[in-house]
């Protein structure tokens, strides 16, 4: 905690605790997704366990999808904060916006699972992902603009690649939104493209 | 962990783990807010999804409001502990009180959302915010009084500004309490003033 | 992370991650207590909000009581691990036992709240606290016995005081168990004694 | 945070934040297990509290069993990451897979508890444990293969012992799966063998 011992104390914000809060909210949100899988009506319905589990398959798919998308966002958060050295008031609020929509994911996943096949339910899910993607793009752009919150020697290629990568998820979300009107039962499958596209050389980060 | 290796071991309390516990409780409480948005009666009611979501709008507003207020308190916690170097028994208990009312927020938000428009429901929410605000004020005053838990060279201006800023939230909560008797449906909107007032030069922290 | 870079890698356990897991489980358990306060029957019952809240008072008391008791245990964990330098297989399992009963607290609190006034419900709560207290006593005794996991120069007074302090909670829990048979509605009030007794000079830690 | 200050910034992943996310998800998943113990039908059934608690015994056993198995996996995670120095894209995704099935444990435990005695319910639980065990084996094998992510001087004995230990849980899960067809009420008891086998000299790690 070098910032604690340095010079005259002032009201400041550090990236260290933003990362701690973000890790916490990501972890909890990813784990709360499982609550959408509880089978509260098991004892009321006349269905057998195998029928109940079979009925739940769309929910299992949504659980895995949301978990993987949150994991991808978490990795991006991780990568962005690896080079972000400082923070300021606006940057903190962009991050609080990010965390608000991360925490909303269990709700959106629930809606998409309970109303599987309804256009509106898919749009709720898509909107959540779209907003998250755009906020991450904003977070990166704001931090890198004139090297506001990053090191002065951060190279242009890393910055541009970060912007390009951050456009993948909102782009796929837009496609999914369009599909929701035509094939609502399958619109979310398109998100499988997110990790695939990010492996293409044009979008891939440096290993 | 320099405190681990220093001199004779004694029963001591460190600010490091208070911060860890606080980050955890803030993160969980902020994420549990989303549970107030579950739509358990979806399958029972005859309403369509769009009607259900429309009905939920007060809850979405409350979710966002509680999330933002908790984020503001988290930032204050962050800023206060940035200059608080030590802790003692009383200070630990003030902080446990803070965390107890942070953890209560999902309940208060739930009450305010389920009973939107009832004076008493708003007062429950206002009381939670008011108590949190006063405890944060107490936390700061207790730590700074005669530089009890802060560095001796912490300047008077920072201390006074911290007190002034800490009065904003309880003040707005008092206004909201008064409004709850007259316009219960809108009393919580006044909390939008909290971040606005804190941007005024008189209350703004040093960037 | 000095343990990462030191010499030949081996399978080892560090106190650092035990503390991280413990902080997480304490924070979550303390926050999940609030779920015992949800009012799911609000819309079904014919009661007004003020009546519902009035009915919930025993639950609010239990919420605050469990939160404070968990906070006290967290402080003890904090103090014990401040001097515990190493860990071993048995010590890890004592700690997993501790965390299992920490995580059980929301359930015990729920039972004591839903069945307020029933002897058995209070005994469930008391048993949880009793077991936690005894495991903390065991944790301390095991670590300090022949200075197994603590520094060799840890003085006898600190060790003895730690044992004495660790007996307060199980002792109070035993009294509460006895009272549960006679005044089940009030048996839990006796836990207010825990922080009071720990302030007596005979039990107080060094500030 | 040495990686923050070193040379030219690039998009990289660090083991530090994977550990932070893992600690969070393990802690939350272990604590959410308790939600399978809530007694929502208490007020509806005509049963007394003692009867309700007696009925819950299989659930208490499952709670303790899942908690202990997750704790064992957490210790393995801890031990593996103690020697894993780097990470790469594939390794991150193996870990996200691990965390997805850790977060799924409250659901599997719930199913095994609500449908105690049904072969399919036990198989769900067994499958979750089996997949987790195999992913941990893969995690270790992937990291150690040609010393990909570990120190070059990590000795062969540690690597082989890690593989051998990682086979215990999938092996026991396979036995439990077989038993689920014959004695579904008792199939899960076999997991008590996991910590026992790991204490045998052939599987024991170095203390």
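Note that the chains are named A, B, C and D in the order they appear, and that numbering of residues resets to 1 at the start of each chain.
As a convention for this text, a contact is a pair of C-beta atoms (placed from the backbone, for glycine too) under 8 Å apart; a residue touches a chain by one contact, two chains touch by 3 or more.
Note that the structure is predicted; figures quoted are calculated from it, not measured.
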Touch-connected components when subunit C is not counted: one piece
Interface residue overlap between copies subunit A and subunit D, same or different (over half shared): different
Furthest chain, CA centroid comparison against subunit B: D
Centre-to-centre distance between subunit D and subunit B (centres being mean Cα positions), rounded to whole Å: 35
Distance between the centres, which are taken as Cα means, of subunit C and subunit B, whole angstrom: 25
Numbers and ranges of subunit C residues touching at least 2 other chains: 20, 24, 27-28, 32, 35
Complex interface listing, subunit B residues touching subunit A: 16, 19-20, 23-24, 26-28, 30-35, 37-39, 42-43, 49-50, 53, 63-64, 67-68, 71, 74-75, 78-79, 82-83, 85, 150-151, 153-155, 158, 161-162, 205-207
Subunit D partner contacts - residues on subunit C that touch it in the complex: 1, 3-4, 8-14, 17, 20-21, 24-25, 27-29, 32, 35, 88-89, 92, 96, 99-100, 103-104, 106-107, 110-111, 114-115, 118, 120-121, 124
